[in-house]
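Right, I'll just put the structure down here and ask away after.
Per-chain residue numbering starts at 1, and chain names A, B, C, D, E and F are given in the order in which the chains are listed.
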Amino acid sequence: MRKIVLTGAAGNLGMQLREMLSGLAAELLSTDIADAPAELLPNETWVKADLAEMGQIAPLMEGADMVVHFGAIVDEKPFEELLGPNYIGAYNVWEAAHRAGCRRVIYASSIHAVGMEDTNAGVPCNGAHRPDTFYGLAKCFAEDMGRMYWEKRGLEAVCIRILTCEPAPNNLRALGTWLSYGDLRRLVMASIKAPVTGFTTIFGVSANTRCPVDNSPASFLGYRPQDDAEDWAERIEATAKQPDAQDMGLTKLGGPFAKVPLGESGVDAIRRMTEGKA
Amino acid sequence: MRKIVLTGAAGNLGMQLREMLSGLAAELLSTDIADAPAELLPNETWVKADLAEMGQIAPLMEGADMVVHFGAIVDEKPFEELLGPNYIGAYNVWEAAHRAGCRRVIYASSIHAVGMEDTNAGVPCNGAHRPDTFYGLAKCFAEDMGRMYWEKRGLEAVCIRILTCEPAPNNLRALGTWLSYGDLRRLVMASIKAPVTGFTTIFGVSANTRCPVDNSPASFLGYRPQDDAEDWAERIEATAKQPDAQDMGLTKLGGPFAKVPLGESGVDAIRRMTEGKA
Amino acid sequence: MRKIVLTGAAGNLGMQLREMLSGLAAELLSTDIADAPAELLPNETWVKADLAEMGQIAPLMEGADMVVHFGAIVDEKPFEELLGPNYIGAYNVWEAAHRAGCRRVIYASSIHAVGMEDTNAGVPCNGAHRPDTFYGLAKCFAEDMGRMYWEKRGLEAVCIRILTCEPAPNNLRALGTWLSYGDLRRLVMASIKAPVTGFTTIFGVSANTRCPVDNSPASFLGYRPQDDAEDWAERIEATAKQPDAQDMGLTKLGGPFAKVPLGESGVDAIRRMTEGKA
Amino acid sequence: MRKIVLTGAAGNLGMQLREMLSGLAAELLSTDIADAPAELLPNETWVKADLAEMGQIAPLMEGADMVVHFGAIVDEKPFEELLGPNYIGAYNVWEAAHRAGCRRVIYASSIHAVGMEDTNAGVPCNGAHRPDTFYGLAKCFAEDMGRMYWEKRGLEAVCIRILTCEPAPNNLRALGTWLSYGDLRRLVMASIKAPVTGFTTIFGVSANTRCPVDNSPASFLGYRPQDDAEDWAERIEATAKQPDAQDMGLTKLGGPFAKVPLGESGVDAIRRMTEGKA
Amino acid sequence: MRKIVLTGAAGNLGMQLREMLSGLAAELLSTDIADAPAELLPNETWVKADLAEMGQIAPLMEGADMVVHFGAIVDEKPFEELLGPNYIGAYNVWEAAHRAGCRRVIYASSIHAVGMEDTNAGVPCNGAHRPDTFYGLAKCFAEDMGRMYWEKRGLEAVCIRILTCEPAPNNLRALGTWLSYGDLRRLVMASIKAPVTGFTTIFGVSANTRCPVDNSPASFLGYRPQDDAEDWAERIEATAKQPDAQDMGLTKLGGPFAKVPLGESGVDAIRRMTEGKA
Amino acid sequence: MRKIVLTGAAGNLGMQLREMLSGLAAELLSTDIADAPAELLPNETWVKADLAEMGQIAPLMEGADMVVHFGAIVDEKPFEELLGPNYIGAYNVWEAAHRAGCRRVIYASSIHAVGMEDTNAGVPCNGAHRPDTFYGLAKCFAEDMGRMYWEKRGLEAVCIRILTCEPAPNNLRALGTWLSYGDLRRLVMASIKAPVTGFTTIFGVSANTRCPVDNSPASFLGYRPQDDAEDWAERIEATAKQPDAQDMGLTKLGGPFAKVPLGESGVDAIRRMTEGKA
């Protein structure tokens, strides 16, 4: 492969992907609205750019085979704040990729596209949308757009509905929803290496004993997670309190995002939950 | 009812609704980006406003019970042109309605939210999205948002996926997809009068003999269409040519929108089809 | 037909069925825990009996071809009060019918077997149970038993999930859920006349414009309702207040039963709703 | 339309279609293994031909727009006897139609393609196969082939799963399964006139009150039956005996075909049933 | 946790759970209609009580966090014999748990709630009921009740549909249906430890190579079985005879219960099957 | 077991099964249209026979318990060439097995019975047909026939829809579709040893990381594959070119068969794909 573009390269997850991606193509173009890190990889170029500006995004795609689109504000905010990076940004990426003749977009979608679904329903990775936040709604928007770009223009997409991607699980919910950094890389790798993908959605989750979702419809992709949050179960359960039976932070797939008011930070809610304050 | 707000009041469909709506509430506030018509109804107020500007939209909602949201650009355009009125506009309406304590949004959604589905599949009115254009994608966005506002904030919504709303059917496709102005009014009326609706999607289509879609999941709404495009069948068939068997203008629910390139006018494509030139 | 047994013959619905049933068989045996009415039909016998007592029920079935089982307490009560007539009573009827070699049970089941389903979901007549009360739970019990008697013993059953059977609809909910007495008779008639039925469930509802449920899976039974609650719509809507959007008395199929506490009268709740006090 | 080919033209159903078809095209080519009737229609040509012989079938298709394929042995027989006309014959028709550039095959499929389904299940017209006889298996074969010719070669097909096509219903089962000759013509007409059909299956059944199957997935086709077997109900019920509750002649969609041994006449079984001898 | 109540503590399965449960709470209250075993665990109290008597059951629940309800007659019997312990008993447990403010019921449901399903259908753990016996019907009753208590009163429940829980598999059917004692404990443990469960049904079965059912909808619960009946396959197959192809003891999930007459012992039938006499 | 019949014994797959089958019965009767191999197994008899000739096939079944039917032309050909061995041959085998009182047919069906399904849809092993070739259509025919023989005559069948059975995977598609010879034997073994099977379809595929299909509905059969094509992934990916995103050889389950013209060799297409020429 000649060139891969990574958006959101300075984000927590983007940083986990750079090295792997640089090994998959002659050139890795990393972009973020943030400054480049101190050290770049040998074949890596860093371009500071605003996703919301087509004029800044379009040039990056030239000559690219695939785009790994992880750039976005990663929290619930008022719609107006997400509009640029999360909505228009997604459009800019797909449209620019199309114009440049890219083959495939690998997209950091989110569980929050279906966050209002019940945790105990075992929902499959190809069901209808049910967003829990403006953040999740942006994922719905991008997924529907991705399907359309495939059906109308032949641009492939793999939408990875990430659950909880952290160094380690650190609360009761994450025992089911954790995605380890290693498994994240495995899933992005599989999404890139698959010979054809058409339009595919898949949950980004590790092989957790308590995994609440069902990836079997996307089995062709060959994603085989290797980590299991259960290794942290004892430690987490030791200090966790039994939550209220109706706590939407656990009864709904979206967790705390499902219960925060629209426009208010879900990440703060997760932190509070982890600290046993919610 | 005290007050109903009608957006897109100067559009073809909005004009069909004004009189009926004025009879359902003490006050009808009609709004459009276009000027007011020469004559207003006795209890009607007209406010010229841009849907894309929250500052212009929010004040209109004060004291309103329901919003009938028909304002939008009604054709396929580049995303950038639809972003304001069709995307941000929908957000502004829902958000302003919520802030003002409105009870329900009746929304002019569209068949193009599922336009890539096969015509011969008999799709139900509550299935997943499959948009055919940026125009249809805006409907997907608004429907997902409407579901979220219901689930998170208790704002009801009826999303009417309109097929082909014209004075009369005038091509082969419309024999199945026609929605008469009378049936449009019946459907909006039912959507307003229903005591509760939660979040509901329903196809806006007349009782056509050849109707390709299935409204049975929304039967509680009590929409009973009375017109049938079949009355025009002989006339239309007399001059229509047998289309190509693979013509997506007929094999897909979205019709010509399903086959025009993204960003190019679907309305022109329909006109060409009607004139036998496509 | 030689003999039909009607249980609950003194109830509101039982009284509607007697004349019709007496015309379908040489003998009509009517039974109830209440006294016989002043006048019986020519071929009608009345036996006062307690459904909860097999010793009283079993003898009635001798020589019967079919049992129309409408006897039960028709309201929500504490489980202990329903146990005898509604649970054990149903068992006694099926078991006695089996022992006597009856061919078929026609059973007055109820919407409350699925009362926790959403009104706007368009649920079909053959779905899984979701009871809203102990009253509804008794219907679930009897339906599951009826299926078992068919699969293990070949005793046919038609379970009619009655919605709102009254002389006329008298509140907003009933505009969708009404079953006229005439349609009740048509449905029981069809259930009796069908050559074979196996185990079948069907909703007992008129041809209401706003009917919220779907009888198409039981179409073979040939039930064609003729009444429509819409004839009462104007009158009812004239005085009804817009209910709360979250009012389970309307958002759930079970109506007021869905929101009364377990064990408390749902009929009283319906009355309060009708009088605009709930 | 230039030319329509009708196979099985001398059969009971073929005879019902000739006049209508002759009005739809400049030329009607009727074919059967039987001799021509005494009188032909003005634009009708009759060719005696054996469906099992490609050499006789292929030339008939030249210049044809559509083929109405009703030719077959219309009863259960040993596989060896059906192989020629019902299996190879169907292949010959599709293959010859394809080679000649025909647009569409309208095929007399049969309820016996799903004859082992339960009558009280309300099966839809696009479900999987479940044949009851070698006769029904031939319909499964042809339907699967028809789907393949559409998906691989673009040859359209409408497969009409006929239930009971007779001048009038004459037994209990037919009260649900009857297809009047008028409705047969309406359905074939709709299948021909539909601008595009892709591959479509639909049940051939009148608007019977007791109709056991569900045509809603094929609603786009615009088939609207006008007859109802219920008009014969009283007369038929007057002399019919209550069948055994387990009688597969009624509990299964295929009726008597579902219970005759493979290879033995189902038509005889229907006759016996009608005469009250089975 | 302060207190767990275990019913049916003297039964085969109850005895397997006591030690584990005693380790999970400050107090274990074990109850059965049978006498206490010779030795109790340090924090265990034993109360002899009749499930059918609310007066005996209600006091046990005071202060309890969870109830593990395994008490019942564990065989098919006439309905009258099961009514007390299996039906009323289940009601008493749920109602008493609710009154005492318990959080969750873990219930020994059974495969016999769906015993008439085909073994080769791969049924999921959240499907509709299809009982094979009065014993299975009691499980249907309790499951429907459990769902209602959750939806109306917020009392959580995990219903474990146990297949064949024995020290070791000992017949052909058990090669698919076996639940080891270790896996039973793992499943009850997971049901207790899950932070929230709402209403959940799950099959109680080991990781058998030939496992006929599908637990994926309940994956969030984190039940990971470790045993596999296949270890016994050779031994069992060595002496087993090929059963009749229609033998409901194998073709139906309920096994011998599916074929015994209602009210007759299924356990005896299993024993006969194991001994090769059925 | 007394006797097993293996058809297609001289084929690639048949040769892999002979030794295993000879160990499962007192007598193995191997048959093929080809000559016997130089050496037979001790209890093996070889009969040269033409599947299309009932007179040659029927005698082979005498005294047989099970038939392992792998004989067929294993490539796409014109229908006329496949008619004898693949269609009539399948009929002859089932009919002869029935007449001889055999218990079960294990049939080499094929992925090409559903070859037009999308690779990224995760299709289950018991879905409807969607053949890609005349070769696949023959599998549809035999599967439907097998279901009918089970439902009408009680002859069991396991239809194994083989994907890609080769010594090793040798192209990108086979990384998902490979069935190792060892796993083939495991699957046939499980199909024979299962006490009852009724009519069952299952995909013949190894435990490939990228396996595109879902065997969970047939879990009772106890097939547990042990090989994974992923071991060959690096080697294959090293030389493979990225295929076109629309390449039906990968986007459709049928692979190259899905894109070859009807009647033309799919095996050649696979070879070309493997050699990077397609």
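Here, a residue touches a chain if its C-beta (ideal position, glycine included) is under 8 Å from a C-beta of that chain, and two chains touch if they have at least 3 such contacts.
Remember, it's a predicted structure, so these values are computed and weren't measured experimentally.
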item	value
Chain copies touching (chain B, chain C) - same or different residues, decided at half shared	different
Candidate from C-E, B-D or A-B with the same interface as C-D, over half of contact pairs in common	B-D
Between chain F and chain D, distance of the C-alpha-averaged centres to the nearest whole Å	33
Chain centre separation in whole Å, for chain E relative to chain D (CA means)	51
Rounded Å distance between chain A and chain E, as computed from the means of their C-alpha atoms	40
Sites on chain B at which at least two other chains make contact	216
Arrangement of touching chains [line / ring / star / complete / other]	other
Every chain pair in contact, whichever chains are involved	A-B, A-E, A-F, B-C, B-D, C-D, C-E, D-F, E-F
Of all residues in chain F, those that touch chain D in their complex	79, 83, 87-88, 91, 95, 116, 127-133, 136-137, 140-141, 144-145, 147-149, 151-153, 261-262
Chain C residues touching chain B - in the complex, by the definition given at the top	118-122, 172-173, 175-176, 208-214, 216, 230, 237, 240, 242-243, 245-247, 250-251
Touching residues on chain C, where the partner in the complex is chain D	1, 103-104, 126, 154, 156, 193-200, 216-222, 224
